[in-house]
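Going in written order, the chains are labelled A, B, C, D and E, and every chain counts its residues from 1.
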Amino acid sequence: MSAAHHLPALAIVVPLVIAYLMPLFDRWRRGWCTPAALAALGFSFAASLVMAWQVMTHGPFSYQMGNWPPPWGIELYIDYLAVFTALTMTGVSLIVLVYGSRDLLHELKPHLLGWYYTLYLLLIASMVGMALTNDIFNLFVFVEICAIAACGIISIKESRECLEAAFKYLVLSALGSGCLLLAIALLYMVTGHLNFTFIAQALPEAMRLYPNNILAALALLLVGMGVKSALFPLHVWLPDAHSSAPSPSSAVLSGLVIKIYAVALLRILYQVFPDSIFEVTPVLTILLVMSSLAIIVGSMFAVVQEDIKKMLAYSSIAQIGYVFLGFSLMEISALTGGILHMFNHAMMKAMLFLAAGAFIYGTGVRRLSDLKGIGLTMPVPAAAFTIGALAMVGIPLTNGFISKWFLVLGALRGGQTFFAVVILISSLLNGFYYLPIIVNAYFGEPQGAVAEPKRLPRLMQAPLVILGFGCLLFGIFPSLIIGLASRAGQALLGM
Amino acid sequence: MRRLLTFFLLVLIALALTVTVLEMPTFGEAGNPTNNEVPQRYLEQSIEETGALNVIAGIIIDYRGFDTLGEATVLFVAIAAALSTLKAH
Amino acid sequence: MEDLIVRYVSRIVVPFVQLFGLYVVFHGHLSPGGGFSGGAIIGASMILYALSFNLAAGTKKVSHDLSLILESSGGLIYAGVGLAAIFLGANFLGNKVAGIPLGTPGNLFSSGTIMIITLGVGIKVASTMITLFYSLIEGEQKTDEHC
Amino acid sequence: MNIAEILLRLHQNSYYFFAIILFVIGFHTMLTHNNLIKKVIGMNIMDTAIFLFFVSIGYIRGGRAPILEPGADHLYVNPLPSALILTGIVVAVSITAYALSLIVKLYQHYGTIDAEEIIRLRGGETS
Amino acid sequence: MTDLLKYLLLTFLVVCAVSVARTRDLLAAVIIFTAYSLVMAIVWQLLASPDIAITEAAIGAGVTTLLLLAAISKTRRYE
């Protein structure tokens, strides 16, 4: 019983405590805000690393809140998927926060920085909580924290587009939360449990007695989580919200927040519902169709965008489609690919949004056609953007290639050649809208503000370098992370 | 047209859920699946294990205390979001 | 609302409402209620006071800095109690297992951490309600000028 | 199932049935009304409908409220749904508060609280 | 008898919910919503959950109404 035993709880609670303290720091010790926020996230990241090590060496373990055993108390269950998600969330958010500590100074009013950190820390803490928890109502509570905090870091920017986008996002995620809570009620009604493991034990029996209840719960769950993770027909809030927010917020929202809901849905679908549900309902087919539509339609919308951040936002709709495609093919390589893509896309999209934020910081230009020659005047962000764009397209030696490779492999092995074709077509589309930007950036003639950009602070360059390096590292040595991802996939499929 | 479509969609949802209601465990029966060992332990041992006569207080703060920490955090995040919005504009 | 009757009635009613709110908070582990409902009652009574007199009088009672501190302290008490359980050798938020005395069930001072946490939550909810209401009413009066 | 059986089931499960009706009404208000404050009220109605559903799951006929009397042997209702819904109510009021602060600010910027008009104003601004 | 009361209260809830959606006056909608919350509190008392009832009466009927009123006083009263 050492301190390491309590890490699961501390990884969530330490950012919470710092977030509670942040308004006080902001009022009386403004200088402490940034270091405290970085320290809290750093602690969470370190805790996730230690947990990952524990899980890899000793296997999954659980943590009981207040020493109450599972059906009575709340249990955190730390398995491969949980640590993988927690590592992704804390790692990427830490890097984004380093960038944000400088970038936010010009996007926000100065007295709001403390409040921004509060919301940011709560957002990350809730996402770690969602990854680790094994209790469905606890999941709901974290979903709510995450929803409000995610809207909060949009509306904090002083512009009326942000307000409108945040309101739309808030209303739709409240709708999703309502559906989620009703689904929880329906599940609780027929099983009498809230813990994932115990629901899973009680469901086969309940499935025989009350099949309609469980189908309704499944449908509500799909709608609720689908709205929150912007699955294709329910994505209407995403482009506005992600493009109008401050750049660090966009990076976190696009890279992490929509993924965590997908992971929660994945856990519930595979760990809670019995396998027989996939035979009586076409839920996986529905998910497959929706995700392929998302991939194609999202890419097609992205092609016609003029605004750089809007293009990246539409590209996120396509990328969440990849993640769902991997989750719903019911095949181990595809599942590994989906889980890997969650991590890879978090890195790539965070980097792309940060690079776009750097362009906007340096030149104030948002139109894609005005970014000619930016590669000559702002080399670091342009290089990062290039790496990210190549990874998005799926060029070998970048991490995007690895996850797409696994997805295609899974589709082929599962005998679903059609979806392999979908992935290839979408890669072509990705190339269609990313490559011209790169060509423009390096071979265009810089004009106007692009010719003489503001110098980028070093704290804003370092995160771009780290993320770009990471993209290449995990592209050239993918085995660093594949082990964890494939173990997570195997555990989900019960292999 | 769009209004009509939404209306029909909602009627459809209502009908589907009503069909579900017909099949649900009967309201108020003591033998329903929810009345298993979980509330039993809460009701029988709450005084001894948490010292609270009000079982609900015992549940929200002790047995499921982490939920309530989350709940307090929801309030905090709401006020942080609201205040920052009001201050920003 | 500059009405004499409203003022007199609220002056009479507000202390009783607050007393009831305190009762609900302190007896959270014995009778229906608890930190959330009691805190909301206290908060609503403060808002009633502020509405029936004027905003300045209400603000004088709870200044912004104080409400900021109350706001954070509620959550900090909660998390602090949880962390204290870790130092006492139990898991996060442990109560009896952490060796905290439970007292005699039925007494006002019983049930270990529940009492403390209820109090913390009550403080937090009350201050949250007040702060939210004030910031909705007055927050933008200042910004109106430069908007 | 004939009509009489269906009606009997609906009578037995009337709390569930009315909770569903209220849920759909709230859902409709939230989705189709253009007025933003109406949307917020609709959201609250939807939430309370779910809470009604959840609380009625825990009821047992003849059960007392779960405030224990040491020594006495009563039948108590299931306390767990009540405890969960306490959390739910606070979540609902938090979202309401934040949404209202957004509405106040939207009104200051756009001069209206009608969703379609706001979209129209935005469209006029970008083109 | 309790059945009659139950149906009366539940029908009242539905009527309130529909009239909130129909009325053009936001202030009236808020007042109707307060009535809805209070009746909901009574229903919860019928369902033997006094904790929820007291919380709904304080938060749903009290604080939410106050916040809605504050928002209406800052915006406009009619649609």
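Definition applied: a residue touches a chain if its C-beta (ideal position, glycine included) is under 8 Å from a C-beta of that chain, and two chains touch if they have at least 3 such contacts.
For clarity, every value in this text was computed on a predicted model and none was experimentally measured.
Hopping across touching chains, the smallest step count from subunit A to subunit D is 1. Shared contact partners of subunit A and subunit C comprise B, D. Path length between subunit A and subunit E in the touching-chain graph (shortest route): 2. Should one ask which of A-B and C-E has more C-beta pairs in contact, the pair is A-B.
Averaging Cα coordinates per chain places subunit C and subunit D 25 Å apart.
Computed from the mean C-alpha positions, the centre of subunit D lies at a distance of 11 Å from the centre of subunit E.
Annotation for subunit D: residues touching 2 or more other chains are 14-15, 21, 23, 27-28, 31, 56-59, 65, 67, 70, 80-84, 86-87, 89-91, 94-95, 97-98, 100-105, 108-109. Shared interface positions of subunit C, i.e. residues touching 2 or more other chains, are given as 30-32, 34, 36, 71-72, 75, 79, 82, 92-93, 95, 105-106, 125, 132, 135-136, 140, 143, 147. Counting partners per residue, subunit B has 17, 24, 32, 34-35, 38, 42, 47, 53-54, 56, 60, 62, 64-71, 73-79, 81-83, 85-87, 89 as the residues that reach two or more other chains.
Residues of subunit D that touch subunit B in their complex: 1, 6, 9-10, 12-17, 20-21, 23-24, 27-28, 31-32, 56-61, 66-70, 75-76, 78-84, 86-87, 90-91, 94-95, 97-98, 100-102, 104-105, 108-109.
Per the touch definition, subunit A reaches subunit B in the complex via residues 13, 16, 19-20, 23, 65-66, 68, 71-74, 108-109, 111-112, 115-116, 118-119, 122, 125-126, 129, 137-138, 141-142, 144-145, 148-149, 151-152, 155-158, 163, 166, 186, 188-193, 202, 206, 210-213, 215-216, 219. Across the interface of their complex, subunit C is touched by residues 65, 67, 70, 86, 89-90, 97, 100-101, 104-105, 108 of subunit D. Residue ranges of subunit D in contact with subunit E, taken from their complex: 14-15, 18, 21-22, 25-26, 28-29, 33-35, 37-38, 40-42, 44-45, 48, 51-52, 55-56, 58-59, 63-65, 67, 77, 81-83, 85-86, 89-90, 92-93, 96-97, 100, 103-104, 107, 113-114. Remark: subunit E residues 6-7, 10, 13-14, 17-18, 20-21, 26, 29-30, 33, 36-37, 40, 43-44, 47-52, 55-56, 59-60, 63-64, 67-68, 70-72, 74-76, 79 touch subunit D in the complex.
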